[in-house]
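Shared between the two complexes below is chain A, which pairs with chain B and chain C, respectively.
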Partner chain A sequence: MNGLSRGKLLLAAPIGVALFVFLVLPYLTIVVMSFRVPSTTAAYAPGFTIANYAKALTDELYIGTLVDTLRIALTITVICLLLGYPVAFHLARTPSRWRGLLYGLVLSPLLVGVVIRSFGWIILLANNGVINQWLVSMDMPRVRLMYNEFGVILALVHIFLPFMVLPLVGAIQGIDPKLEEAARSLGASRRRVFLRVLLPLSLPGIQSGTILVFVLACGAYVTPMLLGAGRVHTTTTSVIQLLEQFLWPFGAALSLVLAVVGLLAVALYVRLSARWMRGLA
Partner chain B sequence: MSANASLGRGLFLALVTAVYVFLMLPIAIVVALSFNSARSLSFPPQGFSLRWYVAFFQSEPFMDAFVLSLWLAALATATAVLIATPAAIYYVRHGGRWRELFRLYVLAPLLLPEILTAIALLFFYYEIGIGTKTVVGLYIGHVVVCLPFVFLQVTASLYNLSPSLEEAARSLGAVPLTTFRRITLPLIKPGVINGALFAFIISFDNVSISLLLKGIGTTTLPMQMFDYLRWGSDPTTAAASTVSIVMTLGAVLLVDRFVGLRAMRY
Partner chain C sequence: MTRLTIAGLEKRFDRTFAVRGIDLEVAEGELVSLLGPSGCGKTTTLRCVAGFEAPSGGRIEFDGSDVTPLPPEKRDIGMVFQNYALFPHLTVKQNLSFGLEMRKVAPAEIDRRVADVLAMVQLTGFEARYPRQLSGGQQQRVALARALVIEPRLLLLDEPLANLDAKLRDEMRFFIRSLQRRVGITAMYVTHDQAEAMVMSDRIVVMFDGLIHQVGSAEDIYDRPTTRAVSSFIGLANFLDGAVAGGADGRWMLHTALGPVACGAGHTPREGDRATAMIRPEAIALEADAASPDCIGGTIEERYFLGNLADYRIRMADGSILQVQGEAHAPFSPGGTVGVGLAQARAWLVRDAAA
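So, the complex of A and B:
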């Protein structure tokens, strides 16, 4: 018996060891690194300090960037919800035989890498890109669509929208259409049915979708680098810059501050939304 | 009233259609411009040409990156399948008191921000002295982010498989290894293949891990495209993008045709 259970543990051992060595230990390393003393000649100097955190939490530049990061992530989340809800509703309820195809259409961006999708937006938004060429041909002035927050937000909404739609489709599919019909037959307007039946019952889906998109948006750095091109600063792009300059201890502290602040924001949101969702179960 | 309702319905469908177009537009435009004969990424395309595909397949940096990406994705996928499949069996069939904790542990690479995982690995490699001199660091990083996808797919297929089949084999005298080879594995094969497909695509498209863990001379295809785009864009990148889109789409369609595609459930 003992031999048998040891045999079973052997199944879990490879992944247990692999993730301990290449995930748990690295995360401990990043925590240790954030307390190390910065050095100009090596990755760090001997000894430990909390100066990195003090700087990350008091330096106006980095506080400002952190606030920008959260604001951008929140904007992306709200836009994804506003665009994703109608699509999710349509996907969940359409009797169309094209449903499978439409579902594939929503999922297919996930199969296309982030770089390629950012590239598509660069072609569209660049100063001599498709949209501006079209504007010029219509005798209209060029508009600056890229290298600013607008371009970064637009491209990230595109990249994260499928992550919003998927949980919403699941939640809306779980709502019995008879509930809506009943409300309608009792005289409720469409608007009222949406506000009093559909929306409250899909709150769990809204919650998972918004958390997923917010967390992903907080950690995005490839698209902000490509579409912001050094003119849009988020905490993640600052961290990448610090790593490139070998300012590792401060970079570690800054990335952990972002992670903890993001986590606190999500925890606060979960608490607040639990109040709205009470009585749903 | 009814006119009002149909107007609302029309607006709703217009909005939904607009979002579908929004989702496809940037991808469609990359593919369209890769066949453009013009020297720059101008729109509308000026004529059909395959010159950028020729340029892509003749470009040494792009070819080196493409080959490395394929090797890396294949090796990372194979490793992830070998490690995560037994873990899924453990979780579904044997996991005891710590079952849910074990699941969380395995899914951690998916739940943690990718950029943080990449930074953590970068520091860790430096501390243990392997640095980013070789491609090994990149390979390990890719395996770590691929593991949860294989685990989720195999777990799902194990749930659909009745344990009584395995019990029957064992009661007829098959040793555990034979039971696995003759009963379990053939029945969970679609799940394993689907997991491998997801892992391959995740690795092949990955750039946020790769950019931080790149060694000297290790450039994957998405990294190469990233570098090109940072310093201006040219149509060769569009051809590279299209090749990579066709590859992933081809893999998905092949798997769908031969074993059936399964949705990813978290």
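So, the complex of A and C:
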């Protein structure tokens, strides 16, 4: 018996088929497309080439955009972690009867579509938006809050924060509060308790939260498009531009480069962070 | 060695009192148990001593110096928790080094002291294990070692044996007690298990509803309980109500519905007062002949064989039930009549509330 009886295979079949049709097949299409020859009159010209990859990996414009994308995603991840940890800690440990409500508040950004939330930020941050109108009414100069990285990062932090908080809450709830007391009885200050006990034991939650947010931030499209408004370039916005210009093969190659680089970054991170979680199993 | 003083300790949570005025002195090297049912305030008291709870009133002193405002990490205490609270991400060695590192002890010194304490709890060779790779009893010993290796002023134990199975619990009682004696550390031990408290402690503090009902040796609280609550929490007890009919030299005569009973007392009752006599089941002698001298007749309702002795429930003439423990193979069986030696039984006057 290898544990894969006919019944189990049958049960797994629906999800297997769905994954194949909606995930594997589209990916294969993208992979094939990325090796096609670009054409200005059709989706692609006959034949195959690696010129798309050569361009994606050598053209300084696209390399720069890729680096920007990773840098923005990393910034968002770090900010989400710093903002999310205290929230998650409070949520995990509060004895308050408002806990359900607090949970709801943390999750509430997920209830509104990302387009709506981006428009909300535009209303606040635009050059004649709520904040700038208030500044003008106070006789202060306008501040450029969007059409730049600041606005994109701000809005994306807001959008992705729940994805950081939820895994953290799970991890922190799994930490016995008695461990904090044990550490303090052994002479650890609150800061030491955090660094030596809470932080190491939260690592699994930190790992999943940061990976989720990083991957989501790498692939974010709507918000950089709306709040960057053509002035903030990420690899995703470049890909969409290429698609609009019917340069599908190059767009496909560029998006695969982003996917592979993102994946490598995550794999490297998992390897590095696993070393810090040896004792946790 | 440290002397612990608790003076007028009070702890309120919202509007309810968990501890309502506790005074207690624990001498150097003494092990004192806080014994009582859950919710009696024993754990809250211990947590106030540890510094995890801020008292609503009163003072905690170590060797006469007030530690009440100090956070736990400044109190120099060793604490053992019910669920051990070992750090799951650290090895046994790292768990034991934790407190020493916080005290900035030199690495070579840490190695030496960790090795010593591991030998003391008989866990040499387990340095590299993680807590989840240890059995419950081994985790318990690591927790004990972790609390002792820092050579604290005070050892606090919060129901440390509650999660162990019965046999291991018995072994650990003696282990902890002998270790505490050997190290010579002042210790406070919280438990709801009377047998544990009796085996381990120099003195037992019996608490109910946030108040101390009695402080004394195991013999004191078993033979000479101050209140009804103490006597029924520690072992089995019969209670007979009656009126005090005089007495002298700490012996008092109580007129009960079952006749006169001679009682000892820790306080001085007034003649004519209503009072309650506490009689342990094993302090009552049973005679085959109901007409024996100093006996009154009763009918055996139930008999339970316990191996070394037998439990009887005896219906008396006034309809009340007495619990009596007698010799296991005595020829008494349910339905039969026996003579109950109440007048000669060792009895003690108890009060309804703490003085």
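By our rule, the second predicted complex is superposed on the first by the 260 of 281 C-alpha atoms of A that agree within 3 Å, B and C clash if a C-alpha of one lies under 4 Å from a C-alpha of the other, contacts with A are read in each partner's own complex, and residues count from 1 in each chain.
We take it that a contact is a pair of C-beta atoms (placed from the backbone, for glycine too) under 8 Å apart; a residue touches a chain by one contact, two chains touch by 3 or more.
Quantities reported herein were computed from a predicted structural model and do not represent experimental measurements.
Peer 1: In the superposed model built on chain A, check whether chain B and chain C fit or clash.
Peer 2: After superposition on chain A, chain B vs chain C: fit, no clash.
Peer 1: Residues of chain A touched: more by chain B or chain C?
Peer 2: B
Peer 1: Classify the contacts of A:V37 with the two partner chains as first (chain B alone), second (chain C alone), both, or neither.
Peer 2: Neither partner.
Peer 1: Is A:V136 touching the first partner chain B, the second partner chain C, both, or neither of them?
Peer 2: So A:V136 meets neither chain B nor chain C here.
Peer 1: If we overlay the two complexes on their shared chain A, which of chain B and chain C does A:P200 touch? Say first, second, both or neither.
Peer 2: second
Peer 1: Quick one: classify A:A188 as touching chain B (first), chain C (second), both or neither.
Peer 2: Once the two structures are laid over each other on A, A:A188 reaches chain C alone.
Peer 1: Could you tell me if A:D176 is touching chain B, chain C, both of them or neither one (first, second, both, neither)?
Peer 2: second
Peer 1: Between chain B (first) and chain C (second), which, if any, makes contact with A:A267: first, second, both or neither?
Peer 2: neither
Peer 1: After superposing the two complexes on chain A, what is the shortest C-alpha distance between chain B and chain C, in Å?
Peer 2: 8
Peer 1: Given the complex with chain C, which residues does chain A contribute to the contact?
Peer 2: For chain A paired with chain C, touching residues are 176, 178-179, 181-189, 192, 196-197, 200-201, 277, 279-281.
Peer 1: In the complex of these two chains, what residues of chain C are touching chain A?
Peer 2: Listed in rising order, the residues of chain C that touch chain A are 50-52, 71-73, 75-79, 81, 83, 85-91, 98-99, 102-103, 130, 132, 146-147, 150, 156.
Peer 1: Can you tell me which positions in chain A touch chain B when the two form their complex?
Peer 2: Chain A residues touching chain B: 7-12, 14-16, 18-19, 22-23, 25-27, 29-30, 33, 43, 83-84, 86-87, 90, 102, 105-106, 108-109, 111-124, 126, 129-130, 133-134, 155, 158, 161-162, 190, 215, 218-219, 221-222, 225-226, 229, 236, 239-240, 243, 248, 251-252, 255-256, 259, 262.
Peer 1: Contact residues on chain B for chain A in the complex?
Peer 2: Touching chain A: residues 5, 8, 12-13, 15-16, 19-20, 22-30, 33, 41-43, 82-84, 86-87, 89-91, 94-95, 102, 105-106, 108-109, 112-117, 119-124, 126-127, 140-141, 143-144, 147, 151, 176, 201, 204-208, 211-212, 222, 225-226, 229-230, 233, 237-238, 241, 244-245, 248-249, 252 of chain B.
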